[in-house]
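Both complexes shown next keep subunit A, but they swap its partner, so subunit B is in the first and subunit C is in the second.
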Partner chain A sequence: MSKARGSWALPASVRRYGPVAALGLIATWTLLPLVWMFLSSLKIRRSMFEFPPTIFFDPTLRYYQEMFLGSNPVTPYLLNSVIVALGTAVLSVSLGTIGGYGLSRLDLRGKKHLAFWIISTRMAPIVVVVIPLFYIYNALNLLNTHIGLIIAHTTFNLPFAIWLMRSFFDEVPVALEEAALIDGATKWEAFRKVSLPLVLPGMGATAIIAIVFSWNDFIFALIFTSNATQTMPVAASQLVTQTGTLWGRVMATGVVILLPMVTFGVIVKRYLVSGLTMGAVKE
Partner chain B sequence: MVKHQQTMEGSGVRSAYVGEEPDEAGGSTLESVPVSFEMLLLLPSVIILAVLSIIPLVAMIYLSFHEVNFTPVEEQIFIGVENYAQMVGDGSFWNAWKVTVVYVGGSLSLQLGLGVFIAVMLHRVTAGENLFTSIIIMPMMIAPVVVGLIWQFLLDPSFGLYTYLLNQVGLFVNQPILGDSDSAMAAVILMDTWQWTPLIVLIVLARLKSIPQHLYEAARVDGATGITQFRYVTLPLLKPAIAIALLLRSMDLMRYFAKVFITTGGGPSSSTKIIGLYVYEQALRFFNLGYGSAAGLVLLIVTILMGLAFVEATMGGAGDDE
Partner chain C sequence: MAQIALNQITKTFNNGSIVAVDDLSLEIEDEEFLVLVGPSGCGKSTTLRMVAGLEDPSEGDISIGRTRVNDLEPRERDIAMVFQNYALYPHMNVRENIGFGLRLSTDLSDSDVEERVEDAAELLEIGELLDKKPKSLSGGQQQRVALGRAIVRDPEAFLFDEPLSNLDAKLRKQMRTEISRIQEQLGVTSIYVTHDQEEAMTMGDRIAVMNDGQLQQIGEPNDVYNHPANLFVAGFIGSPAMNTIEARVEERDGQTVLASTDDAIVYALGDDDVSVDVGERVTLGVRPEDVVLRDSADAFETQCHETTVDVVEPLGSDNLLYFRVGPETWTARVSPGFEPDPGSTVHFAFPREALYVFDETGTTVESRDLGHPAETHHVAESGDGVVNR
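Presenting the complex of A and B:
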């Protein structure tokens, strides 16, 4: 392609290597905190606080060992995070898929208003949802339960899933379904057997992004859980105390929280733009 | 955008295939139901969302007109618009908005400039795009709490790596970065920029790739090259994508406050207390549930207006989608 054809009034060498150099700087700026975090999670206490910071040291897996085998293991919190993330993902993606299909194929005058109302529930500030839910949960005894947090996360994951799945169904030509209908299929069969298989990758991406949103949530989890139902981000935040923070442990916990999500991100990279813009932008 | 055309094409094909009433072809049992098959599929979600949004909204409006006490007894005392009146006269409420404007404005302009620049650079290089995008999407996947903790660690006055690097060039020596109003604000803005500039890059890059090559060729024939070409050909075409990116980012900047909560907690002396954090503190830390609800409703209205603009930008002008 003719990407490098632009004729800036710059020397050829700058034109040739400038973009690469700029991107290298950006990549460094992006990666440095992550690399530093990972290195710090392997440092013994003494070398962690050395100034100037040390780059070469004897790595230790102590913090990871402590985290899983020590006196206050993170395993229950990890399990809570998994339960809640899977719960809300299953709920949001199954409802979001049929709802998104309905919204895509719906022929209605006020469709745009309906679509807007659906997404507005996702765009409400976290705290605006938390306050009344807290009050309602308090009355219904849903505080400190998994199901309470799953419902809370569904408030942002369901509208997201509907919009994203709608954008995937919008790309499936209606003609395919019409052909099936002519062959005697019912509307449900046309949806189930013709369109649904075509959006399966999109469904997977939606599920993964919903899991990421739920896994990463902090404010809902902070308000709606107690020690027994706490998720990983809340547990991590509580490692920072006034009386001295075990930074090695904090960094190791951070690595455990981010590693699966970063992996997911790379897996669904192709869908990330449409996912994070709720289908507004397609790559 | 593109999808409109496809839907149109689809329905065009449909009428060509089966004539007037294609909808009759399918559902036999569903025929008797007054709602359409599509509506039926959408209904469960609509009902759930209605329950999950309208009940809390009503509860919130109700609370905003009450004083809510938990101790000694749980009670709600109707006080009319007193919460709203108190809010108007509350300096810390207005301060939170002022801080929010700086935080959102600063983050948006930095991220937009940087994001467009990176996208254009990325569009120019011939190799390594895949690797580079894999790297820059990483921060977006990370929990805000963890982002906050990493940056707190990097900026720690006694052992932070970034403190050390800044000290080497004579900056912030014996001066905690998160302990000063201005540098704390700069730090929370940079934190968000680190995490979310990639979203703008991805959105702008997707748009850049969809610009047909012949437009550039035509511009070149007319003598536009380099920066002129960018200014008069690329930039106008990027506008819709930029609008979407900015709206999404600004809404998220108003919605979330976990990173600020973790790193500065709104301090020093409320200099980074953005509106979300302010409402959170009022309602759930000091348990002024009534007052917090009133302030939260104002925040909700502002974000809903932004959301309306988002829908206009993504789904086109009024009415042309139906």
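Presenting the complex of A and C:
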């Protein structure tokens, strides 16, 4: 058996280094532009376009200085992004948890169809809903407000949030809630004290997805906000001016957009993995 | 403590298309340990869940301690339940698991809760596990914690839903004794659901046998074993199961006999008063321990039949012998000294007192007589007319 297997198996060196090489290639593909962006943000404009690009150079922080201390500082936009992302996360997770719990626990006729309808609302491309939403927002005075953007982002996050939370609640045995009911809990207490703590990793995972979506969104933010409520991606796009593109600021802004997400990602990585793979609750 | 009464309980699902429990009436006396036993899907768990308040009966009344509880939430019924999968709260340690109900349903101070949790833990010998999470406990330990959660609240009644079926055989026997001991010590009215007839026999003050949503028989374990109300109970209670074969009552040579279809058994009933008429179709039954086997027919003074040995299973204390009787395979429990080769011819007989006869509907018309006929309560629809000779 092992002999037969050896005859067609890849050479040991390929088996050993092949995966490393493949992963290395993917990592390079993903990370190279980011490294290039980071290095460029520290270069003066002329050396930015040198070919081959220099790796060792005299770094400058002038674009970062301009960005935070210049005539049009980026800080308000950063704050807008944070407000909208956190608002979206809180709203998506709360509504998603309630909806997911209902969808998981209720003995409802046509539950599958309802669930599919919910996720199908996420299938429409964003651009399709932007124009009707614009008219609605205009009528409701929601344009150019944080809450308007939060609602738009939540609308698109909620189907995912509900589905994700439903699958987490499905993993929590109903017997646990029944045990709580018999132990003297009301239905709300059984939910609040038994089921909810067990889906906390799921709520964390849902929050992360909501934050990443909201943080990176460009189209909603571009169309529904103006100066006072603009988020970082929109602010970055405005560095492409009629007189030319401010490449240094574009690169620096890119780094500033990326950095919080990377930091956040590293912090919650273990939490996210344990959330997505569950295993915390075993029947 | 309290008595529990179920009065004509019916439970249907899917708008009445599935009848899980059918017109069930039961009374469990104060401090009694009642075992609900039956094959899976017989409605025993549904019955228990209705007593707990986790399901609503479609018809009928349930009362605990003479209070009608139909419209009360589970938390208002003052009961405790042990689940098959234990249902321990995974995010709480053992101490919190056991104390959870006390904190919710009483206004005891923290130190009082702590004291009662520790008392319960001591009773169950899990004192050193109090700060562990359920995940790090073995199945047997989890079972003890689940018991602890039930007893700490000092409820009106304990409800057990197949609590031992996830344990291995040895631990199961140990916990069986343990649960019986604790129930006796605390004197709490208990309903215990199981599909294991051995568990039912050994644990119950009385056992209630269910099948297809209907109560078949309720009585003390030995009475149910010796005087089953019908063919179902006869086959379900006892291991190995009772040997049966279909037969017809006939008149041969001036004697009333039970003759199986191919005359594999022709059993003369003697002159005794028998409650079956000639021509009637019946089922004849014999418990494996009542079958006597010998190498030759000469060893018997009474009527005997010839058969061929299929398999011999040595159990140490005795041997189980499987042999053909017409279309059926019968079992005999014999002494370990008797171990014929498979395929060899032997003769079997069974005394008249050991004979069971069931009529065409499966109702018992004659059950074995061990010399002390006991009072037993038959409830299956035509469960009357049992003759204890």
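To be clear about the criterion, the second predicted complex is superposed on the first by the 253 of 283 C-alpha atoms of A that agree within 3 Å, B and C clash if a C-alpha of one lies under 4 Å from a C-alpha of the other, contacts with A are read in each partner's own complex, and residues count from 1 in each chain.
Going forward, a residue touches a chain if its C-beta (ideal position, glycine included) is under 8 Å from a C-beta of that chain, and two chains touch if they have at least 3 such contacts.
Predicted model only: the values in this text are computed from it and were never measured.
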Practice task
For A:V14, select first, second, both or neither according to whether it touches subunit B, subunit C, the two together, or no partner.
Solution key: neither
Practice task
Quick one: classify A:L140 as touching subunit B (first), subunit C (second), both or neither.
Solution key: neither
Handout entry: Contacts of A:P52 with subunit B and subunit C, given as first, second, both or neither
Key = first
Handout entry: subunit A residues touched by each partner, larger count belonging to subunit B or subunit C
Key = B
Practice task
Check the residue A:D107 against both partner chains and state whether it touches subunit B (first), subunit C (second), both, or neither.
Solution key: first
Exercise for the section: Could you say whether A:T186 touches subunit B, subunit C, both of them, or neither, answering first, second, both or neither? Expected result: both
Practice task
Applying the touch criterion given at the start, work out whether A:F218 contacts subunit B, subunit C, both or neither, answering first, second, both or neither.
Solution key: first
Exercise for the section: Identify the partner contact of A:E178: answer first if only subunit B is touched, second if only subunit C is, both if each is, neither if none is. Expected result: both
Practice task
Please work out whether A:L198 is in contact with subunit B alone, subunit C alone, both, or neither, and reply first, second, both or neither.
Solution key: second
Exercise for the section: Answer with first, second, both or neither: which of subunit B and subunit C does A:A228 touch in the superposed model? Expected result: neither
Handout entry: Set of subunit A residues, in rising order, touched by both subunit B and subunit C
Key = 173, 175, 178-179, 181-182, 185-186, 280-283
Fill in the blank from the handout: Listed in rising order, the residues of subunit A that touch subunit C in the complex are 173, 175-176, 178-186, 189, 193-194, 197-198, 280-283
Practice task
Spell out the residues on subunit B that touch subunit A in their complex, using ranges where they run on.
Solution key: 1-3, 6-7, 9-11, 13-14, 17-18, 22, 25-28, 30, 36-46, 48-49, 52-53, 55-57, 59-60, 63, 68, 117-118, 121-126, 128, 132-146, 149-154, 158-159, 161, 164, 194, 198-199, 202-203, 206-207, 209, 213, 216, 225-227, 229-230, 241, 244, 248, 251, 254-258, 261-262, 276, 279-280, 283-284, 289, 292-293, 296-297, 299-300, 303-304, 306-308, 310-311, 313-315, 318-319, 321-322
Practice task
Note which residues of subunit A are touching subunit B in the complex, please.
Solution key: 1-4, 6-9, 18-20, 22-23, 26-27, 29-34, 36-37, 40, 48-53, 95-96, 98-99, 101-103, 105-112, 114-121, 123-136, 151, 154-155, 158-159, 162, 167, 170-171, 173-175, 178-179, 181-182, 185-188, 190-191, 212, 215-219, 223, 232-234, 236-237, 240, 247, 250-251, 254, 257-258, 261-262, 264-266, 269, 272-273, 276-277, 280-283
Problem - Partner subunit A, residues of subunit C touching it in the complex - result: 52-54, 73-75, 79-81, 83-85, 87-91, 100-101, 104-106, 135, 149, 153
